[in-house]
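Multiple structures follow.
There are two complexes below, and they share subunit A, which is joined by subunit B in the first and by subunit C in the second.
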Partner chain A sequence: MAEALLKVFRGNKDGGQSVEFKVPVAPGMVVLDALHYIQGHLAPDLAVRWNCKAGKCGSCSAEVNGRPRLTCKTRMDSLPQNEPITVIPLKTFPVIKDLVTDVSWNYKVNKKIPPFTPKPGASWKFYQDDVDRVQEFRKCIECFLCQNVCHVLRDHDKYDQFGGPRFFVRVAGLDMHPMDGVSRTKLLKNDLGIGLCNITKCCTEVCPEDIHITDNAIIPLKERVVDEFYDPVLWIVREIRGARET
Partner chain B sequence: MSDRFETHEHDVLVVGAGGAGLRAAIEALGQGASVGVVSKSLLGKAHTVMAEGGIAAAMANVDSADGWKPHFRDTMRGGKMLNNWRMAQLHAQEAPERVKELEQWGALFDRTEDGRILQRAFGGHTFRRLCHVGDRTGLEMIRTLQDRGVHMGFDVYMECTIVRLLTDGERCAGALAYWRETGRFVVFKAKSVVMATGGIGKAWPITSNSWEYTGDGMALAYEAGAELMDMEFVQFHPTGMVWPPGVQGILVTEAVRGEGGILRNKNGERFMERYDPKRMELSTRDVVARSIYTEVKEGRGTEHGGAYLDISHKPAEYVKKKLPSMYHQFKELADVDITKGAMEVGPTLHYMMGGIRVEAETAQSSLPGLFAAGEAAAGLHGANRLGGNSLSDLLVFGRRAGLAAAQHAKETPAPNLDEGQITSGESEALSAFQRQGGENPYAVHRDLQKVMQNLVGIFRIREDMEKALVELAKLKERAAHTSIEGSRMFNPGWHMSIELKSMLTVSEAVTRSALMREESRGAHSRIDFPELSPEWGTKNSIIWRDGSAMGLRQDKLAEMPAELKQVLAEDK
Partner chain C sequence: MAESGARTVKAPEFGQTLRGDSWWAETIPVVLLLGGFGLYATLRAFEGRFYEWGPYLSPFYSPLIDEHHRWWKLSPALLILGGPLGFRATCYYYRKAYYRAFFQDPPACAVSEWKRTYKGETRFPFVLQNIHRYFLYFAIIFLFFLWKDVFQAFNFDGKFGMGVGTLVLLVNIILLTTYTLSCHSLRHLAGGKLDCFSCATFGKPRYKVWHWLSILNERHMWFAWMSLISVGLADFYIRLVASGAIQDARIF
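Presenting the complex of A and B:
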């Protein structure tokens, strides 16, 4: 049976090193299978997050040969043969142990987003055409690969000012819901810092659900922010109306 | 309480953050209870996300003749009449309301042409009944519930594993747990505890279940003194992936057949004609799983030991729209384009009909203060579950469990915790660290899976199961002598040593119940007793902890009221 050489990061928040493991390769095997083999036979204390092993839960994210991937969907035969396979944790989040990172920041950001709030008197009659667009955003499995590659977080550490692509997709899924009656534009501008995104599309490239994050979620949301806060005509109207009202 | 432990106190402690747990938590919060949710995984990763096909609810949006009565009838017939009829009635009556509620909390279902929730056909359902979102209905459900719960304000304890339920005399008083990240222990004091921990699939090697499905909830309840029921009824889903080996067991949704998929053997025969000519591919799961198994066993299987499932006669765009995850799953993992060619499929362990015995109305177990809902509970599905009835089960009985747990908390004083239980739970959980040179817990797990697959699988026979009991005793001994490398920080080997104990308990319960039931009914097929037995049809199998041994008995089913008998007698 063929064998693969894996170089897996082992360590914790204080640092660590890559450790080599030899793993037998079976047809159709994915990187997560190799990590399970290591746990089962070579290093039972190797920390890995995973749940479904079917690409539906988004738990097993890691950087494989430098590319952020779901390890359950990364086939061994899609990687260069006769070269070691490196597996390291997501860089953007603090390491807890081995391949497991602390993603709790994401849950804090999610809490800031006002939940679905139906329009008063919503009829609950709406059509497939109304939902096609929104259903795309709701495919998100929260693997946080988009957060991991976003340079605003990865390179500039703007955790306090920025929400990240995952939560722009989340807001899009709520704001474009045909029955939702709340505007989250102010939140996008201020708390989630959507202006910091300069649409490099890195997030879209790594999305395992093929969500067009930049084109379908972020850009339309940026347009909403611009319309509401930076449209000169509207601004003048608001100034006048605001002055009258006070 | 000793300050050695971090302690949290809640009116209601919900164990498990899948559909049932989240729905229970939301209901209890709505009642004004303080609620803690404990989850082995991160929030939003629970097994519910894997549910694909839909939620069964007689909304009658597509087939106007549907109603709670046909849904009740289908559920009872699918379960071979072993179901708790009251649960089946409540489920059929309340499911539509639960789905509407989910929609009003923001879930976006596929739509009918007149703007209502679309419903699709599924095995064993007389009418098109499954409300769905393509083939990712469970994900939509979990996100909707998760968001609602978070904003209502429950406390979530993520990546935290319960190792023991605590009792105060004859009532449940809380739980002892540890943080997976640090390995430190934490004590939960609660007036009510809801078990929503899902199933037991990880005791078998070919399964659609995730690592979490180690039967913890059932084993913990059993240890604390609650009864388990109908543990022999383990569902093999007919269609899991069979090739390549790495993906063996991954679910191929029944929606493929719901949308018109056809099963064929290697000779191109549509073999369901021989097993269930009336319902064909949309027969119940127990029948289809046995049919595929039999085709393979008799030499008519595919190259990799399965059957062909073909949907390529439908337009490619339609397949991609209605079954997007199946399209990607086969393309990426098996190099098969399902719009052009057939999938290879075979049975995979999918669902546990048995579990913690509960009262229909309140979901309370036989241990006061302990409730159970969803897959962890028994009763609704009888001997075989219909597809789509699981997600509706989570909503209907999750809600009922949350309501009753909150009510119970209002009516009872705070329990007292027994420090002795906590310290003995702690030392038991840590015991593997004390041993040197023992086996890797993963090795014991692999051997357990072999025993269950080979000896307590789709078809069962006395000799095999007696042998399985002998093997399980040996495995228990081995599990008690495993040892652990490394520290308590996020250590999967250690976690496995704890989960092994749960898996061994539920495996023994399954085997003993299966050995006792001398008939074939639903998902329980005995080679030595191939027929339905009218006498066994009146009995539930009950398991309880009898000192250090497993007690086993049969309890008579409650008599069905005349009006429900009447509903069953009507044919349409």
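Presenting the complex of A and C:
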């Protein structure tokens, strides 16, 4: 049986190193299978977060050969056969142990976002055309690969000024919902720092659910921010309308 | 807030990555094409001649303003190129391309970049990216002039005809039109800004327009490159013909 050489990060928040493991490769095997083999046969204390092994829970995110991926959706035969396979934890978040990172910062950001708030007196009658867009955003499995690859967090550490692509997707799903009655545009500009995004599309490239994060969520939200804060003509229109209503 | 000090495996230096592929290769065509086009367009804009021949007018010089230098002493292209240049410079696709290729911000996904103060698009000059829709308005006006030039290019001394230059201008305007129609800002203004299509005035037609523009928008990158190449080639062809380097072939 063929063997693969895996270089897996072992360590904790104080540091660590890559450790080599030889793993037998079976047809159809994914990287998570290899990690389970290591746990079962070579290093029982290897920490790996996983749950469904079907690409739907978003738990097994890691960096395989330098690319943020779900280990359960990364087939071993899709990787170079004659080179070691490196598996390290998500770089953007603090390591707890081995491949497990502390992603709790994301849940703190999530709390900043006003939840779905129905319009007062809403009739709850809407059409498929109205919800086509938001259904794409509901596919998010919160694997946080987009947060991990986003250079605003990864390289510039803007944790206190920036929400990240995952939460732009969430805001898009709420703001574009036909029955939602709350505007989150000011939140996007001021608290979630959407202006820090320079739309380099890495989030879209790594999304395992193939959500068009940049084109369908971030850019439309940026345009909404422009409507409210940067478009002088719309500002004048709002002022005139406001003056008429008062 | 995440504790940055705890990210023990973070690559600290520019270009560091565990990616084994040639991640740097994807920036090469962008640098060559965008850089080459920028250089060529600048030279042509300042050249101020060889921009029209027979029924053909170079897209770099259209609309032609003050051709006889009554009040503008420099090349007439300099009066108008700010519009299309601004449209492309603030385009959401080109932003991705040049932030990666020229600013290395980031050089590629999951590749470390230089440590520096990062403000994204929140401060001058990049905050000006937010006026992309105003350049879109200019671009739409320019399209009318360029379509007029194409119709003009079928008119050979009052007779209907077609030359290679006519075809070149026709292909160019089709690509420029699709590039403009696939714009993210246009998609937003046409209907994307609505939360509820069925509740809005003219909601149904706006949904249809938004839907069709979204299909075009999925190919925005392709249209961006093709139209950039075509506009450069269209100008180059007319320059060759106008300077006498080649002769325009009449098809009929």
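One rule holds for everything that comes next: the second predicted complex is superposed on the first by the 233 of 246 C-alpha atoms of A that agree within 3 Å, B and C clash if a C-alpha of one lies under 4 Å from a C-alpha of the other, contacts with A are read in each partner's own complex, and residues count from 1 in each chain.
In the analysis below, a residue touches a chain if its C-beta (ideal position, glycine included) is under 8 Å from a C-beta of that chain, and two chains touch if they have at least 3 such contacts.
Computed from a prediction, not measured in an experiment: that's the story for all the values here.
Of the two partner chains placed by the overlay, only subunit C lies in contact with A:83; subunit B stays clear of it. By the touch criterion defined above, A:180 lies against subunit B and subunit C together after alignment on the C-alpha atoms of chain A. Touch criterion not met for A:112: it reaches neither subunit B nor subunit C. With both structures placed on the common chain, the touch criterion links A:65 to subunit C but leaves subunit B unconnected.
By the touch criterion defined above, A:45 reaches subunit B but does not reach subunit C. Touch criterion met: A:127 reaches subunit B and subunit C at once.
Once the two complexes are laid over each other on the shared chain, residue contacts for A:139 go to subunit B alone; subunit C is not touched. When the two complexes are overlaid on their common chain A, residue A:215 makes contact with subunit C while staying clear of subunit B. On subunit A, the surface touched by subunit B in one complex and the surface touched by subunit C in the other have residues 12, 126-127, 130, 177, 180 in common. Of all residues in subunit A, only 9, 11-16, 63, 65-68, 80, 83, 86, 88-89, 91-95, 102, 105, 108, 126-127, 129-130, 149, 151-152, 154-160, 175-180, 193, 195-202, 205-206, 214-215, 219-220, 222-227, 229-231 touch subunit C in the complex they form. By the touch criterion stated above, subunit B contacts subunit A in their complex at residues 41-47, 49-50, 100, 103-106, 108, 110-111, 113-116, 118, 133-134, 136, 139-140, 143-144, 147-148, 150-151, 181, 208, 210-212, 243-247, 250-251, 325, 328-329, 332-334, 440-443, 446, 484-487, 489-494, 496. Listing the residues of subunit C that touch subunit A in their complex gives 1-4, 6-11, 17-20, 92, 95-96, 99-100, 105-106, 109-110, 112-113, 115, 118-122, 126-127, 130-133, 184-185, 187-189, 192-193, 195-199, 204, 207, 217-218, 220. Those residues of subunit A that touch subunit B in the shared complex are 12, 26-30, 33, 39-41, 43-59, 73, 75, 96-98, 100, 103, 107, 110-111, 115-116, 118, 124-128, 130-131, 134-135, 138-139, 141-142, 174, 177, 180.
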